[in-house]
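Handing you a structure now.
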Amino acid sequence: MTLAIAPDQPGVQRPSSPLRRHAPFLLIAPALIFLFVFLVLPYFNIIVMSLRVPARVGMYAEGFTHANYARALTDGFYMGVLGQTLLVGLLTTVACVLFGVPIAYHLGRSRSRWSGVLYTLILSPLLVGVVVRTFGWLIILSGNGVANKTLREFGLIEAPLRLMNNEFGVVLALTHVLLPLMILPLLGNVQAINPNLERAARSLGAGRLTVFWRIGLPLCMPGIQAGGILVFILAISAFVTPAMLGGPQVRTMSVLIVQQLIDNFQWPFGAALALILATATSVSVLLYIRFTAPLLRGLR
Amino acid sequence: MTVKAERLGRSIDRAYQWAFRSFLVLAYAFLALPIVLILLMALNAGELLEFPPKGMSLRWFVALFDSEIFIKAILTSLQVAAVATCVSGLLGTAAALYFVRHAHRFREALRVLMIAPLLLPEILTAIALLFFVHQIGVGNRGGFGLYVGHTMITLPFVFLNVSAVLYNFDRSIELAARSLGGRTWTVFRRITLPMIKPGVFAGCMFAFVVSFDLFAVSLLLKGIGQSTIPIQLYDYLRWDFDPLAAAVSSVSILISLGVVLLADRIVGLRALRF
Amino acid sequence: MTVLSIRSLVKRFQSVVAVDNASLQTREGELISLLGPSGCGKTTTLWTVAGFETPDSGTVHFDGVDVTNLLPEQRDVGMVFQNYALFPHMTVYANCLFGLEMRGVGRDVARQRITKVLDMVQLTGLETRYPRELSGGQQQRVALARALVIEPAVLLLDEPLANLDAVLRDEMRFFIRSLQQRVGITTLYVTHDQSEALLISDRIAVMFEGRIEQIGTPDEIYARPITQRVARFVGLSNLLAGKLRRQAGGFAIVESSAGPIRAIDNRAIADGAAATLLVRPEMISLGDGPESAEANRFTGTVEDSFFLGSVVDYRIRTVDGLLLQVHGRPVSRLAKGASVTVSFLASATWILAA
């Protein structure tokens, strides 16, 4: 290493001039401009788009209207789909909590040399594309698929079960897709829990199950809340999984919106549907946060 | 406590442990099953996606390399991922440097904006961009929106990983370098950059893998005649259901896995941040 | 009150022997400290008593009843952890209530007992606080209250003062000692701090490398350690090698390189065998000392001195070449190079095995 001792040049080292003081801002400026132009503006533009007048030819006609919202909110079909979407989101979130908490609890506590492998196993679905994973479930759940073949092989069923083109298949595959996103925040949460808390509870007379219910689970609430919100939002806005496994039975808002945009070229109406979905999601999340707030007392 | 009650307590304790372990095995099997099955199916020697497979062969991989549409889609995917990774690598690293070192006012607002593409539903972002590129008159031509969308979605991954490394960075090392006479740029190149390299690297790996698998943005913003791997696979599965799809999926899995293993080798998986 | 007895305990972790044939038996209501450096197996021993570790061999008995194979929740122990392990999502009151709930104690009785125990640890009025709203000392006392409210057979304390600052730690030593004596509960106390162990214990078990090297009262451990490392661990020591020559009247002479030194006889060492002499720095006085047949006397020069506040720590080189560590009072400090006579009584000098 050669270090030339440079004489302290005035004006170079000292952050005195306003230009110098604000120079570091140039580091973040490109990213901010990028995000402002291609994220902030386009999101506001959705709102504008949703108020445009639909047209047969072209993106939209002159003028503004609230007719798109009126049409979506008064039509039982769209509200039904919204309900079904929220239901799928809710079921997926519950399933992710049920699977995620024990896995995170185990992995967060594990000191075995296998934990690295298990960690990779949990991460791997996240790094395999959603189309590929959903395709995996297609192989398993289809009428002639792995699940039905295996069940029939063992004589457990006569006729093939309908495992996809219904809520079950969609929720199952979504759970698989989103489970890592539940586990990751939980993992940090579990690792932050002092293992002596469980020992303390046991020395006070609590069995394993009681320790889990009274100590482990309540202490995981911040992670469950954070992971739950993430999973819920992503489940509700998921497109690929419901499109591939839902069939005509399970229509979710995302599928419907993409249909309006691409197949029907109904942009203003599609924009209105997207905003209704976003609003419904936000309201659900806010309700959820309020509902779970008492469970976080003393933890933050 | 009677001896009997103590025995019962111990049995319950063991039963509970046993039940917990079996549940874990099931849960891990659940996570691994679809991916394992795809890899298995891709080696199927038969004509159909049958279970159990009819013997092993590599014929579907051979078929894949003969398939022009899939090869083209793979190349497009790699190209888009490479461009998105480079751009978001530069933007994200610079932004993280400012955020951790210099941001004082509006810190939280900046953070939220930087990771917003991760927090907002991808489909909504895709729709917003779709409207936008059409209204500025670019439209779906040349896949401009595709590149922008991929860069946007991958930006937070670089930002988060570099920030994480910077937070654990001992600034006194830089101060020491400066006290030895290093100039701003020299210190950055000789000291800062080598130390944050794992974070930049991890972020870029993530960006690449995420971009490679991105769906909704690609679906809405792809140029005419353009297609990425997930899109092509999705289209293919609408009409066909054969081991070729499994072979394509396997290749896509292997590419992601390769990148991840490389990242693990170099920085360690546990160091990655979401 | 319970007699806790640990018999021939062995615990291995893979190839490491954490506890190697440890045995000890408390008296009723006694406080025994497990004292030793980190990694000596004291915490593993404590955890085996609590039931968090199962020993590879050996047993733990409470009042003659074998509890070795019982689950932690089936044993009747109260445990206080180093970082307190208070349940963060429960108030002080709920923390104390937890153990009582597990024992099916009724609401009213529970309320009375919690009120009593919180009064005892001087936390009345803080029932509705959450742990993170309390100071370190207060959290420590909640942990004590939570362990005591279930009126356990045995109280186990795992380095309970290690996380407190020095001033608070001194205060809490006396507090824990007086509380333990008031409640009269049999207690096992793990610490690596010798002054803490000396102050708080009825007896101390000193552990090294998984073995209990010596059990005895603080006086015995300090004044009559059986090995050099026990001597070094519990206090500052001057150790001189030599050969034991037994004399009448409970005394012996150690023939050292600096000539014969009189000391209390140690019957465990054979006449003529190699021995080590121990004299603590504060047992050596500067000056001629009283004229007595008991006194050992050396002349030398002050080689170095360090001011420690309450004492001055001198290094004195005798004419025979011995280097002695001597604690003197800080009034009238001796200068470096000053000639000095030092003396210590045979009754303040102990002989241990070489």
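Which chain is which? They are A, B and C, in the order written, and residues in each are numbered from 1.
Following the convention adopted for this analysis, contacts are C-beta pairs under 8 Å (C-beta built on N, C-alpha and C of every residue); 3 or more make two chains touch, one makes a residue touch a chain.
Just so it is clear, the structure is predicted and the values come from calculations on it, not from any experiment.
J.: When contacts are scored as defined above, which chain pair ends up with more C-beta pairs, A-B or B-C?
T.: A-B
J.: Hey, which chain ends up farthest from subunit B, C-alpha centres compared?
T.: C
J.: Roughly how many whole angstrom separate the Cα centroids of subunit B and subunit C?
T.: 55
J.: Roughly how far is subunit A from subunit B, going centre to centre by Cα mean, in whole Å?
T.: So the centre of subunit A lies 14 Å away from the centre of subunit B.
J.: Residues of subunit B touching 2+ other chains?
T.: Expected reply: 9, 13.
J.: Counting only residues that touch at least two other chains, what does the list for subunit A look like?
T.: 207
J.: Which subunit C residues reach two or more other chains?
T.: 71, 73
J.: Please name which positions on subunit B make contact with subunit C in the complex.
T.: On the subunit B side, the touching residues are 1, 6, 9-10, 13.
J.: What does subunit B use to touch subunit A in their complex?
T.: 9, 12-13, 16-17, 20, 23-24, 27-28, 30-35, 37-38, 41, 49, 51-52, 90-92, 94-95, 97-99, 101-103, 110, 113-114, 116-117, 119-125, 127-132, 134-135, 148, 151-152, 155, 159, 180-183, 209, 212-213, 215-216, 219-220, 229-230, 233-234, 237, 241, 245-246, 249, 252-253, 256-257, 259-260, 264, 269-270, 274
J.: Given the complex with subunit B, which residues does subunit C contribute to the contact?
T.: Answer in residue numbers: 69-71, 73-74.
J.: Which residues of subunit A touch subunit B once you look at their complex with the stated criterion?
T.: 3-6, 12, 24-25, 27-28, 30-32, 34-35, 38-43, 45-46, 49, 59, 99, 102-103, 106, 116, 118-125, 127-133, 135-140, 142, 145-146, 149-150, 176, 179, 181, 184, 207-209, 233-234, 236-237, 239-240, 244, 254, 257-258, 261-262, 267, 270-271, 274, 277-278, 281
J.: Along subunit C, where are the residues that touch subunit A in the complex?
T.: 50-52, 71-73, 75, 77-79, 81-83, 85-91, 98-99, 102-103, 130-132, 146-147, 150, 156
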